[in-house]
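Both of the next two complexes hold subunit A, though its partner changes from subunit B to subunit C.
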Partner chain A sequence: MKTQRWFTPWVLVLPALAWLLVFSVWPSINTLRLSFTDAKPLGGDVDFVGLRNYTDMLHDGDVRTALLNSVIYMAICLPLLTILPLLLAVLVEKKLPGIAFFRTAFYVPVIASAVVVGLIWTWLLDDRGLINNLARHLHLITEPVPFLTDRWLLLISAISLTVWKGLGYYMIVYLAALGNVRKDLHEAAAIDGAGAVRRFLTVTVPGVRGTMFLVSILVSVAALRVFSELYILTGGKGGPGGKDQSLVMLIQQYAGGFYGDFGYASALSVLLFVVTLIPMIVLARLNLRSER
Partner chain B sequence: MRIRNLTAAAAALALALTTAACGDAKSDTSGTSDKITGSITLQTWALTPKFTDYLNEVIAGFTAKYPGTSVKLLDQPGDGYSAKVLAQASSNTLPDVINLPPDFALPLAKQKLLVDVSKDNDLSKTYVQGGIDAYKFNGVAGVFGYPWYLNTDLDYWNVKQFKDCGLDANTPPATTQELFTQAATMKAKCPDNFLMSRKPDVSDFVRAGIKIISDDGKQFVFNTDQAAALVDQYKDAYAKGYLPPSVLNSDYQGNSKLFTQGKVAWTTGGATGLADFERDNPSLKGQVTVSKALDTPPLYVQGVSVSAKSKYPATAKAFAEWITNADNQNKFGHLVNIFPSTISSASDSYFGKDDGTPAGKARALAFGELKDAKNLIPYEVNSDMQKLLDQQIALAVKGDESGKKALDDAVAKMNQMLSRQ
Partner chain C sequence: MKTLRYLLLILVLAITVGPFLWELSTSLKGAGEDIYTTTPSFVPHQPTLNNYAKVADAIPVWRYIGNSLVVAALTVGGNILFATTAGYAIARLRFRGRGLVLGLFLSTLVLPGEVTIVSQYVTVRDFGLADTLVGVALPGMVAALNVLLMYNAFRALPRELDEAAIVDGATVPQRLLRVSLPAVRGTLAVVAIFAFIAAWDDFLWPLIVLTSPEKYTLTVGLQYLSGTFTQDQRLIAAGTMIAFIPIAILFSALQRYFFKGVEEGGVKG
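The block that comes next holds the complex of A and B.
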């Protein structure tokens, strides 16, 4: 008896395919289409403007600033969030009494809302915030450190927030990977006289190399798409002069409100897509080369 | 992992990022009836539950006058109202009668989504000219809303801080330049107190007599030497410590909040401001004096517009006229410190009478001010442009750029945004 017709697999795949087409493929194609138009939120006549949005983008100082901020964000977050969580995971991997407390403590920032965390950091870093007040009382400073009003300090503050909030998440990813690193290799290395640092570099790191690659991809994509940290720390204004905006903030700014410019915002989205691809391709190439 | 897989993964990720939905708001006036009949919807902005009884009374009066009609009240929360209206407009679901301030009405009028209510209707017989003018826009012929109620700002001063810091609360600053002078006096006597607490914005340029936009409404022109000098004056004031450092911070909550917290000695606010300050900080009771706005008082107009897609346009227009008629506006004005936009309301002695209470004084002052009040922010200057200007002025006030450079940059960008509207 024939139990399966030729179309059965297609029927099973259909819901997922429909989902993909409606929520991924179509918005993507539509974004690309809109990037060549002057589409507005309220509709009206939509004209094809060719490459105008893209040429405008090339001459837009705000885009250059946002791109630079996003790249700096990624360049700093990538090594920190790839290496620090691994070290943290190695520290809390051991089955010691009370170690669960530390694992939980390191993970708490991950489950805290980005908005709440952002607000707390704003209060900490404000001119009259805890850090400046403390430093003043200790006579370390006479004038408040402009954490939230200086372009670079603001960017560094946001990066610190991202790193602090992301550590616990990637630590958990590494903890899962560390469970698969063979214990006998560690024992053999120890018998050969390798110390803790040497065993970490020659056994642990190669054992979690695939996970490190995954984490670096996730971190680079997340860093290039950064929004909430910068948005909250700058009160949505992108810092003095808007010099601390990321690309996503710029897209949000152009796409929002009655006067939103969907065409330009879509062109910026395409730029973000391309920019996001670059580190992924570079990392993938590096990974391939090291695998050979 | 292969590059092809990676690329696919990246594509999926970016796709999720780039959600773009664009509703095509086509203009099809589907009005079908000239008779005042049928069911319409009235959308208000954060008026319930405080004014539910009043609104229901207005609706009941209308349905009694026009049998066969019904009005459904739809009140939207205060936050995100523009986003809500935008969503309604782009999905062709604008309510029949909508509470829209002029800056929200402008883009809808440009897209022919609102009815020109001046057709066959001499609005100047009923409403004050300032209210009508607020709903006339450059480049679109017509009037796109009935003025509903008006308001303005007064200045509030902390009497105790004035006294402690060598100032006289009976003669507070009457102009922006006097504000600078008295801020210097306060700083000299009380280094931890502040009289000034906000950066300049478009309204300050208008107050100083600087032209904001060209006559044809196509170019911003306020990057003048005079405007730059004003920004530089704020920069000097900031450097000398006349303004609190928090005016540049992301968590700057506005001068009203700082005033309520007792951190600054001056704020602006509507006629109900005093009650709000005393409610939020009872220690301010008896410590606040009120005066007229600096230089030129601002005029704030709220109005109701009629959707061009209403199924019952005659009913919607009739209701918009009903809710904004003198009787209904006067009743509303008696409930809350706002002022009617109807000409005949001037004869209602309630609004101009100083009953001896601080609130009564504030109401009478504000009502008197309305004669000279002007719209200080042209409606072409939308919130994104204001944000952009604020960013540039922050740079200048901080001392990172000259006032002229900041204004030149802001105007260039704002003109680009204006050309895309």
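The block that comes next holds the complex of A and C.
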């Protein structure tokens, strides 16, 4: 019995496939191509310039600073956002009265726009904002802490914002994984007299090991892609002397405006891609090795 | 033990939701009230909605909401329609090249969206859609992740479900709409919520595509409000609440489906 015509699957797949080719596959190829040109936002002649954009990058202090910021960003986000959400998931896993409310509430920072939470945090961290005022009220400080104007404090503030905003998201990822951890192992360990901490380390952590690995990859790539938090906390300026920029902020600057440079922005995009591949490869190898 | 758990829950609640409440409180404080006092007060002494009215004087906030809604509607519609059809075909129909198509969708997940943003802009510009709302919505109208979510959900359905319908002579569209789609409603809800949040919250892409202030989406307009027009924290707070409250309401209305969909379909696959 003939149940379908040969073209039916293609009619169903084609719109999504066309989208993928036009807005994902082609732009990937085109990014590489543009990175060897001097293409400008306003059009005009496009010439191939070979490796010039890449050699320019080597001598670009902004790029070096952005890379340094990215590495610091990732180094701090990775452990915090791999471990804290797991603890949070364990906390909300048990079916207590009202637990659905807490789960939903913890997820709220995830659904709020980075612009919204960025502006809220700008107000919290302002010299005259809530955190400085509370600290002064408690006589912890006499001068306001320059969370938003000091090069390093600003970076730490943006990292805190990223961690805070990501907690709920990775909590949900872990929550789904915790459902698959075997209950009988927990019970057996409890009978053997293992306390909560010991059960967490010997039963829960091994049970969600695969998910921890996945989360650590997601976290490191997300940290390297940071844009909105830094943009909003620095008012679009990238902090004092532009020292708090990320790679994506640089890409955004070169992507538009009168002084834009698509060629250079594309070369920066290729650099971003290579940089995000590194933690993926390193973590994947670590995961393989520890499985053996 | 139970008390300790609740204490911890309330502590985390204060950390995650507290900042939103502080912003809400700031947005309701009257002009005569000192918002910079060293003994911070959570409760406005002169509660007023005046700041919300003043946001509309500083930026065309209704227009920005409209713009964001247009982008969100296109994004949600596109993802529901095309992720469903593509996910269904890959999961439930046999055809040559099926594995290749699935591989293509999977491989694009590795690529951070920011990497292609410049050449995506070139593509959108070449279509003549730079500085338009359609240009803002277009690349996000089909997300590979959503196709894979729908694929996973359809794949988890038992084969027998189709076979009975095939014996009854149901065509592919009939099977998709009447048999399979009702069974994956939860995942469809997750796709719709994700698509709406992604479109409503996005900042970088509309910032690049849009140059005319009257076409700004709400997030870009908000940033504009804080940067150009005002140093008044009450106004900025009111603006952020205007952007935040609709999505908070939407999410709390649909959160049951969301958490159910995440637990059932999304992960077990």
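What we mean here is this: the second predicted complex is superposed on the first by the 275 of 292 C-alpha atoms of A that agree within 3 Å, B and C clash if a C-alpha of one lies under 4 Å from a C-alpha of the other, contacts with A are read in each partner's own complex, and residues count from 1 in each chain.
Just so we're on the same page, contacts are C-beta pairs under 8 Å (C-beta built on N, C-alpha and C of every residue); 3 or more make two chains touch, one makes a residue touch a chain.
Remember, predicted model here, so these are calculated numbers, not experimental data.
With both complexes placed on chain A, subunit A has more residues touched by C than by the other of subunit B and subunit C. In the superposition on chain A, A:15 contacts subunit C only, with no contact to subunit B. In the overlay built on the shared chain, the residue A:124 is in contact with subunit C alone; subunit B does not reach it.
In the superposition on chain A, contact of A:102 is made with subunit C only, not with subunit B. When the shared chain is aligned, subunit B comes close enough to touch A:38, but subunit C does not.
In the superposition on chain A, contact is made by A:225 with both subunit B and subunit C. When both complexes are overlaid on chain A, the residue A:272 reaches subunit B and subunit C alike. With both structures placed on the common chain, the touch criterion links A:234 to subunit B but leaves subunit C unconnected. After overlaying the two complexes on the shared chain, residue contacts for A:136 are found with subunit C alone; subunit B is out of touch. In the superposition on chain A, contact is made by A:28 with both subunit B and subunit C.
Taken together, the two structures place residues 23-25, 27-28, 30-31, 34, 39, 122-123, 126, 128, 221, 225, 232, 235-236, 248, 255-256, 262, 265-266, 269-270, 272-273, 276, 280 of subunit A in contact with subunit B in one case and with subunit C in the other.
Subunit A meets subunit C in the complex at residues 1, 3-4, 6, 8-10, 12-13, 15-17, 19-20, 22-28, 30-31, 34, 39, 88, 91-92, 94, 96, 100, 102-109, 111-117, 119-124, 126, 128, 130, 133-134, 136-137, 164, 167-168, 172-173, 175-177, 179-180, 221, 224-225, 227-228, 231-232, 235-236, 248, 251-252, 254-256, 262, 265-266, 269-270, 272-273, 276, 280.
Note for the complex: subunit B touches subunit A at residues 1-3, 6-7, 9-26, 82-83, 86, 89-90, 104, 106-108, 111, 113, 245-246, 248-252, 382-384, 387-388, 390-392, 394-395, 398, 400-401, 406, 413, 417, 420-421.
On the side of subunit C, the complex with subunit A involves touching residues 2, 5-6, 8-9, 12-13, 15-17, 19-20, 22-23, 26, 36-40, 81-83, 85-86, 88-90, 93-95, 98, 101, 104-105, 108, 110-112, 114-123, 138-139, 141-142, 144, 147, 166, 171-172, 176, 197, 200-204, 207-208, 211, 219, 222-223, 226-227, 233, 236-237, 239-240, 243-244, 247-248, 251-252, 255, 259, 262-263, 266-268. The touching residues of subunit A, when paired with subunit B in their complex, are 23-25, 27-28, 30-31, 34, 38-39, 41-44, 46, 62, 122-123, 126-128, 144, 148-149, 213, 217, 221, 225, 232-243, 248, 253, 255-259, 261-262, 264-266, 269-270, 272-273, 276-277, 280-281, 284-285, 287-288.
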